[in-house]
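Here the chain labels run A, B, C and D in written order, and each chain numbers its own residues starting at 1.
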Amino acid sequence: MTRIATPGTDRYSTAEFMAILIARYCSGDRELMGSGGANQLVSLAASRLAQLTVAPNLWLFSGGAGVYNSKFDTLPISTWDPRAGYQAESRILIADVVDNGTKGRKPGDRIARGGSGYGGLQIDKYGNINMIGIGGPYPDLKVRGPGSVGVVWLGSGPNNVYLEHHNKRTLVDKVDYRSAAGWMNGGNERFETLNGRDGPQLVWTPICVCDFTEDEHRMRLVSVHPGFTVEDVIENTGFELVIPDNVMTTTPPTDRELDILRTRVDRDGLLKKRRMTVG
Amino acid sequence: MAHLTKDYPHMTPLDERAARKLERRSKIISLEEAGKIIASKRSLSLAGSHSADAAMALIRAAIRAGARDMTMIPPVTASIAADLPIAAGMLKKLYLSYVGFEYLGLAPAFRKAAAEKTLDIVEADEPFIILGTQAAAGGRPFAPVQYLYEAVSLPELNPELKKVVDPFTGREVYAIPPLPSDVFIMHAQAADAYGNAQCWGGTGQERDKAKAADLVIVQADEIVSDEFISRDASKTTIPGIWVDYVVHVPYGAHPTFSSNNYALDEDHLKLYLDLVRNGRADEYIQKYVIEPKDHLEYLDRIGGLPRTTQLRRMLSGA
Amino acid sequence: MTRIATPGTDRYSTAEFMAILIARYCSGDRELMGSGGANQLVSLAASRLAQLTVAPNLWLFSGGAGVYNSKFDTLPISTWDPRAGYQAESRILIADVVDNGTKGRKPGDRIARGGSGYGGLQIDKYGNINMIGIGGPYPDLKVRGPGSVGVVWLGSGPNNVYLEHHNKRTLVDKVDYRSAAGWMNGGNERFETLNGRDGPQLVWTPICVCDFTEDEHRMRLVSVHPGFTVEDVIENTGFELVIPDNVMTTTPPTDRELDILRTRVDRDGLLKKRRMTVG
Amino acid sequence: MAHLTKDYPHMTPLDERAARKLERRSKIISLEEAGKIIASKRSLSLAGSHSADAAMALIRAAIRAGARDMTMIPPVTASIAADLPIAAGMLKKLYLSYVGFEYLGLAPAFRKAAAEKTLDIVEADEPFIILGTQAAAGGRPFAPVQYLYEAVSLPELNPELKKVVDPFTGREVYAIPPLPSDVFIMHAQAADAYGNAQCWGGTGQERDKAKAADLVIVQADEIVSDEFISRDASKTTIPGIWVDYVVHVPYGAHPTFSSNNYALDEDHLKLYLDLVRNGRADEYIQKYVIEPKDHLEYLDRIGGLPRTTQLRRMLSGA
């Protein structure tokens, strides 16, 4: 049964928590790009939060508006909201975005990894994403997806996947169609097909954080959010997740994290209202 | 050949012609004229991004003028700019990158057309649209890409994606076809009467789409003087020479955002979605597309000056 | 013997005269593009003069600066002089210029013909241009040219050629190398090779104006400037020009033409100092 | 695999790391450091147009640092920015579009190197450079063109131009190779310490050249604050994220124009041409490239404040 994913406390919302988790991930001092594709409000908030706290050298990119390092203190409704461009440092063309995507990123490149969030109709155990549709044979789809947009850029280098809904319909054993390559069929297939480019690193969901195993590149549970159990995760995942023996409980947000998020990034409280589900 | 028979203008002094009235030709036409021009074409391309900067007034005018069976090359993400034409039966074929309403849900007319197979959907995506447009903009035969489609389903689903052998490495790579259009329609915040158009936001696909089109029609929130345009040439998104017609439609992007000008009308989008999802698309189209006798009446129906003022304020944060 | 091409009067200079001739050519009311490649000062002046007098709808393009409709009243030193951008209406990317070039122009296109000026180390009787070098076999050149730049755009549609020096070394029977296609080897070869695109229309030199015959597309004398004779032209041309029986004397500049040119286009008198030669 | 062993930063609250000094890293380095970096590379690309906006200070620094045997992807037209490196023996290979001084004559060092075959000249042109750069900018395998090189000599003279069959029409077309570079050097009128660079003129090739390069070094007439940059994002030519290093060199484009900033030093260009044409290139290089211990001393040698002030005035028309 689908229900709103609540963290079991009214101290913070799940969307706020996810923004904080992604911000923590952006803590390295390397010059990374925190990019937000369409409607990636949570990762946009996360990039800004990271920039303001631990990652001054992070470049925040708002994909829809095509701008770097905008300095909003209230969240736009999406990255294509013109307000996402507030006091930005530069504006690029969508052709530039495409160039960066087709060029891809190799180990050692200046821009080492994206903090981008990708989601989809379906994601499978190797992190492949489907935005095309469910069912078939094509074009006889049971569910017609909105289209692949730019999720193909998941193939351009190391990235992360971010899901607002954790359920068996979304997390499936094998995607019906592949809009974006995760680790493909696992093992080295991605490296061989995509010129050695590294694949997805983390998967953030409303109830847990996952990564991928080192060799087979299968999705593995890393930490479960407070309010949920390993069993909740297993039960709501449509494939066999790798479950290590030392699964952690995700460290909850601190008061200070929440305070900065609410006063300097999301003054209008959009993340409080954001609907995320489980089941 | 041994006897010159043509006219040679260099033989006639400028003085003898300078008597004519020296006036620059305006490209401004009415919204209804523009609608008829669009409706007479077979393919159109759009700019904008999702629910921002869509040339909605022109789209409505084209529907009113009876546009049918067109092919659309949409922006990389589109909401009502693609869904409404589908609801109105204006499209036969769509190059798909993303049609949806994000946090407001999937696109109802698009989903219905897909399910009922009344729309030929070319399964494309961002690089396909952008690089295909770029190829057409330069009249180039195709756009080769590598390390991209090898790893996804598009080649199986999209027959317009072909393989080609890279003559430098001997490797097989993919080739995206050029995506020209008969007419490109665009929303600008400001334009002068000669076609010079400023987009204050935008995604930078405007120029390539203009070059890739046989005809370019700009709708502008405001008509400005050429002196205003000349104050900063770098702010001109499309040079007037590439533009055929200009239409003046204040709030013409409604119900989408107009960058740095006015906000998205989310209530109106919800109204649209509600009607279309409940099989009442015709009702929406009658009320907001067919019946209004001009753009001002459309604005009246969506709430008139109080609403447009509110939308302008929402973006300025006031 | 090379000598300065003077019009045989001190009322005007040859460069001023050529600017006026080209301006007269731009008199149509269609939306044409008066473009200036690198250093095409004379054609730049001509476009501006035409715009101010008889062709308000002409779009003046300064290639080096990449701008349309700048409103200078003193000439820049070249189209890449930032001053060529004075009060321009728009600025485009060089990639846009390349797109327009590779796309080419077909009959009926919005932008019907260019008023661009092209010159070269060599030009032949079919209007082909060489900027690569003289002599050979390549790369053993007797004269190494500066390179082909964008003269290849002469192949993109109807255009004109403008020469500052009229002599047998420049006007040759056949170019040693072809940087730009004129009418190729004459007849229909250009139409067949370049997708039906129309070829060069007029050739302006310091001593005459030529065009091309209708079928064979061989260069033909149209008018000889005051101060020069048909014999001067024949003597200084390295191939057999088609000489019609009704060659005209080019209409000299009127006082009014000179006045507008000097007071509204070239206030600093750059065209007065410009050196053009014959022989 | 059944036991997590990696570090997971999402487990550590931001508070625990926020204690570190929160300072944005400056990308500013000295001109001499930049020269050494360039000299350590094998290929470089340039922007600018003919005698405008050339990264001359960086070029001089690279020569001083002993740059040799490099491959240059020049702008579509270049004068001293290509000729001086050739005179100084810095180049082994040049993609040629145009090297010359227009109304000041042909390029002396280039002509000499061509005659003496000390330079590998790839016979290219404007579309070859621009489209090859564009292909490299996107990591694409090549750039196909049609109805262009079929009619000229380039295919015979340039072995890097290949044929490829258009998979959509079956026609043979030409393929331009990608033109990546190890380092792209660029002159800007203004940049902030984080790499955001404004070119007030320029030809718009800057972005593609930056994307096509492994390393980007910007020299700027002026260093501005990031607040200044944020006033108008559309004025930023290159986003700072694409830039590795910034060098502050007022009048660094001398003797070429700096768009909307200062004029060409034609007297200096004539001096250069005169010396090189008379076999005295070394004299020029000693005096203006090797001997000045820093950029200020260079400015002193070209006439100091009186001359730079004059050049600034020339452009403003005062």
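In this section, a residue touches a chain if its C-beta (ideal position, glycine included) is under 8 Å from a C-beta of that chain, and two chains touch if they have at least 3 such contacts.
Every value quoted in this text rests on a predicted model; they were computed, and no experiment measured them.
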item: Chains contacting each of chain A and chain B, listed by label; value: D
item: Chain whose average C-alpha position is farthest from chain C's own; value: A
item: Between chain A and chain C, centroid-to-centroid distance (C-alpha), Å; value: 57
item: Euclidean distance of C-alpha centroids - chain B vs chain D, Å; value: 36
item: Touching two or more other chains - residues of chain C; value: 85, 91-93, 96, 98, 102, 104
item: Touching two or more other chains - residue numbers and ranges from chain B; value: 134, 139-140, 145-147, 208, 234
item: Touch-based graph of the chains, sorted into line, ring, star, complete or other; value: other
item: All touching chain pairs, where touch follows the definition stated at the start; value: A-B, A-D, B-C, B-D, C-D
item: Parts of chain D lying in touch with chain A, wherever the complex brings them together; value: 1-4, 6, 8-15, 17-18, 20, 22-25, 134, 137-140, 192, 194, 196, 207-208, 211, 215, 226, 229-230, 233-234, 236, 238-241, 244
item: Touch list for chain D against partner chain B, complex; value: 138-147, 162-169, 171, 173, 175, 177, 234-235
item: Complex contacts: residues of chain A adjacent to chain D; value: 20-25, 27-28, 31, 33, 49-50, 53-54, 56-57, 59, 67-71, 85, 87-93, 96, 98-100, 102-104, 110-111, 202, 209, 211, 213-216, 220, 222-223, 242-248, 250-251, 253-254, 256-257, 260
item: Residues of chain B touching chain A in the complex; value: 49-52, 76-77, 96-100, 102-103, 106-107, 110-111, 114-115, 117, 121, 123-127, 130-131, 134, 145-154, 156-157, 200-201, 203-205, 208, 257, 259-260, 264, 315, 317
item: In the complex with chain D, residue positions of chain C that touch it; value: 38-39, 64-66, 77-78, 80-83, 85, 91-98, 101-102, 104, 131-132, 138-139, 141, 144, 146-153, 155, 177-181, 184, 190, 193-195, 197
